[in-house]
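First chain A sits with chain B, and in the next complex the same chain sits with chain C.
Let's turn to the complex of A and B:
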């Protein structure tokens, strides 16, 4: 005799699965709710555009950190996106099933598994320790390297799905390979490459660990990429652990802005991508 | 256009993409080389010091064992928490959830994977830490605090809190991989079970889960790799005490990890030996995470080969 029937066991299991799903979903809703709740109250034009107030006095904003994150992301994209696209082209069109290609592919995959703080340490040892100066350049290098595997993987995958008929048609017409690659295959794969680059940009916008000991922080407007530069991410960390109520409130405001930007990029990429490739 | 210039452009492009790939490989190799060079002073000073149990900046003693053990412990606990949650959500998603719920859940999983680590950190520090202190740590310490693993006092910021926050960060990794594995269970196997009168759970238990066992294992290993290297959230909630587990083995004590130590000390380290010891810890972390990720990749490659031959 069974203690409980198979059907009531099924009901118990559904209840357990719903509870476990709740354990995953509730924290996310909670995070989003607490960021919106705590962040909205400090949002204002002044908050978004002005320099931080001197320590101890209230007011001021996070303008320099917003500009700093943008500058560092743009320079990092200038390094990471071209290298990522070229590596992706190499993997897809020139070395797809060669030994060299699979070696490069293994390296790219391993690079995406290297903790961000270790990539930050690399930039620190290479640039900060060598020149004995905290600089935005080191942060740019670290974030740029972090973008490479993301962009390369997106490029390779979206170029691989382009039908071989097109490549063969191009060859039959006597078109040189670099033209087939750039004008035909890459232009077909454009959407996927752009999505990959945007997602990589969103990803590095939230990266904090590699910036702590490279770009450091600053209470002034950025004066050059070779200087310490304030970023939104480091501002959230510094202000959140300061314990000073006004700074903690500003950290929530900065978190709201960061999360909005990161989620907006992701949602945009996914909806645009679906329209283009989903067919419906 | 004459033939020569086409040939030239064609090979120039080939060298351009090949060269870019070599630059990427070069960066990867340089990470090891630079970290090894910069940790040389600490290795020469005392090769075994990094495995010592005392970290005292003022006396120049840099033993990294508490940080290494904190890294391993927080990640292992987080994985142990995350396995039932992720598997439960994945089974619910693939077998039971109506279409609309499924669409909502996939948005939730995507967003969870997107939220930056520092955001998990500020949430853990200001929202979760006080609740964990009052409603988890204090009751447990009050009732079974005589067991060293659960002894007090309740600080809030602790190894337990770090593991908890890490759990939420790795759930989307395990879930998204498990969902795609479970939904690729061959339909014939499912239908055969259903035609024998099996309930949905029996189909999951006897067909879907055994079929994707190996892949789920790989997903768990990948998540472990991610947890080991996670920095910001852990640094903000673990309390950064350099004594655990040598002063108290309690899960509720503040502890440290390799990443929290680097994040909280490197920018103000002036002593060369201090800097070099932190970099050596980073090198150890790199070796651990690469080994873990590489084993997960090996399993995944084996699964995709199996899929190709069947």
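Let's turn to the complex of A and C:
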């Protein structure tokens, strides 16, 4: 009697869990499905490689926005990844339980909680207002700053899990600390650092707010970084609200591309993780 | 017989807690000295003062003097001290991100004084000296962590020997190993003393008797007795020593 009721209770709980997991997964699948459904029809070589057609006429593509997102992401990575790694190394190896370390850690953690639009505002004030024009440099600064806490945290955490025995082994051999840090600890943590950097890259690939008033947009190919630059994110925003059917369709196409990149990065990170923990 | 390493009134603290009290001892050159004593008596702390590793603990302090060939190591560059006085730990700790051969020369490579030319030769010679070469010569590029525990420990000894230290400190190097690996390492230690001074901590009184020339007994941070191993075990002077070696405590 009691046994049966306990069993049916367990069945009930499992059913509830399945239902709730479904409730969480269905909207996600729905989003991906509608992006694929709406985006796949505009995919073509022309779409991926040409400049936008003027407003009102059909055809053209998003080539300049693809290049723009790539340029800004790469420059932002060039800023955010090294600074993030250095911060992570400092926190893990040089200031783990010092006052300075916990101060830096608090700053870094707060930084990851600052809304991206506020970081954009900072870049806008510092650079756009000084240069008196919209520029990719300001976007690079904003996105680069956003990457720092993500990379720093990943670096610190993956270095902390390296056994202290190895640091001691290194010290006992008379190896200088900077070599123990880089050639032993960081080298062992590099899977986690690379994953963190890739995830930070994926994360900024979706950021739009800080780009709206920094890189803004452009209908032309970028010829440098210090100019307004089109990005996929801002293109999606502009086109989706334009009310012009051809542009709305292109916004879906650009969304599909962005989602594919983010999914690809996540798959890459998971494979990397599996390789690291799966032995061999 | 010459003395190699001498401590004078060596004391050590973790924070406010004193764990070594005025230990004065002279280690003979090219001899094996065993360090015994109950758990927590300060053996590890003591040998970590001999290569300046103790001071790396936050809040740790050392007082007194340690002379290597008459020179105070606390007046030397700690890195230099650690290259001259090698260390082997209780748990084998090869660098898992390096191959077997890179492990052997890790100290030479990463400590900046690489005589890069003859690294392969050093790898071969050192692995031979610890009796590991024939077991691993086919896969020197495999990760050092892929070896068995006993092989890993011999690799760690090779890694320390590759620096050509004058003294080697061993902290219970066989306590995590099976009997066969243990006896291989004991044999290796007996062989080592033709070239280097060995100081080894052991919890195994039998091991101390088998491999050492002299034995020192530490108790509650103090040196209680230090004598030729034979005399140490056959006619201990202190009743505490006698109780320890007859297994009546700790």
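Criterion: the second predicted complex is superposed on the first by the 254 of 280 C-alpha atoms of A that agree within 3 Å, B and C clash if a C-alpha of one lies under 4 Å from a C-alpha of the other, contacts with A are read in each partner's own complex, and residues count from 1 in each chain.
In this text, contacts are C-beta pairs under 8 Å (C-beta built on N, C-alpha and C of every residue); 3 or more make two chains touch, one makes a residue touch a chain.
Since this is a predicted model, take the numbers as computed values, not measurements.
> Identify the partner contact of A:97: answer first if only chain B is touched, second if only chain C is, both if each is, neither if none is.
In the superposed model, A:97 contacts chain C only, not chain B.
> Contact-wise, after the overlay, does A:168 reach chain B, chain C, both or neither (first, second, both, neither)?
The second partner, chain C, only.
> For A:255 in the superposed arrangement: first (chain B), second (chain C), both or neither?
Only chain B; A:255 stays clear of chain C.
> In the superposed arrangement, does A:176 touch chain B (first), chain C (second), both or neither?
In the superposition, A:176 touches chain B and chain C alike.
> Using the touch definition from the top, say if A:184 reaches chain B (first), chain C (second), both or neither.
After superposing on A, A:184 lies in contact with chain C but is clear of chain B.
> For the three-chain arrangement built by superposition, which of chain B and chain C touches the greater number of chain A residues?
It is B that touches the greater number of chain A residues.
> Touch check for A:15: first (chain B), second (chain C), both, or neither?
neither
> Quick check on the superposed pair: does A:43 touch chain B, chain C, both, or neither? Answer first, second, both or neither.
neither
> Mind sorting out which residues of chain A both chain B and chain C touch, each in its own complex?
Common interface on chain A, chain B vs chain C: 176.
> What part of chain A is in contact with chain B in the complex they form?
Checking each residue of chain A against chain B gives 6-7, 9-10, 13-14, 16-21, 23-25, 27-28, 30-32, 34-35, 82-83, 86-87, 89-91, 93-95, 103-104, 106-111, 113-119, 121-122, 124-126, 129, 134, 145, 148, 152, 176-178, 181-182, 202, 205-209, 212-213, 216, 233, 236-237, 240-241, 248, 251-252, 255, 258-259, 262-263, 266, 270.
> Applying the document's contact rule, which stretches of chain B touch chain A when the two form their complex?
Residues of chain B touching chain A: 6-7, 9-10, 12-14, 16-18, 20-21, 23-25, 27-28, 30-31, 34-35, 37-38, 84-89, 91-93, 96, 105, 108, 110-112, 114-123, 125-127, 168, 171, 175, 199-202, 225, 228-232, 236, 259, 262-263, 266-267, 275, 279, 282, 285-286, 289-290, 293-294, 297.
> Spell out the part of chain C that touches chain A in their complex, as residue ranges.
These residues of chain C touch chain A: 51, 53, 56, 58, 79-83, 86-87, 89, 91, 93-97, 106-107, 110-112, 156, 159-160, 163.
> Mind pulling up the chain A residues that touch chain C in the complex?
97, 163, 165-166, 168-176, 179-180, 183-184, 187-188
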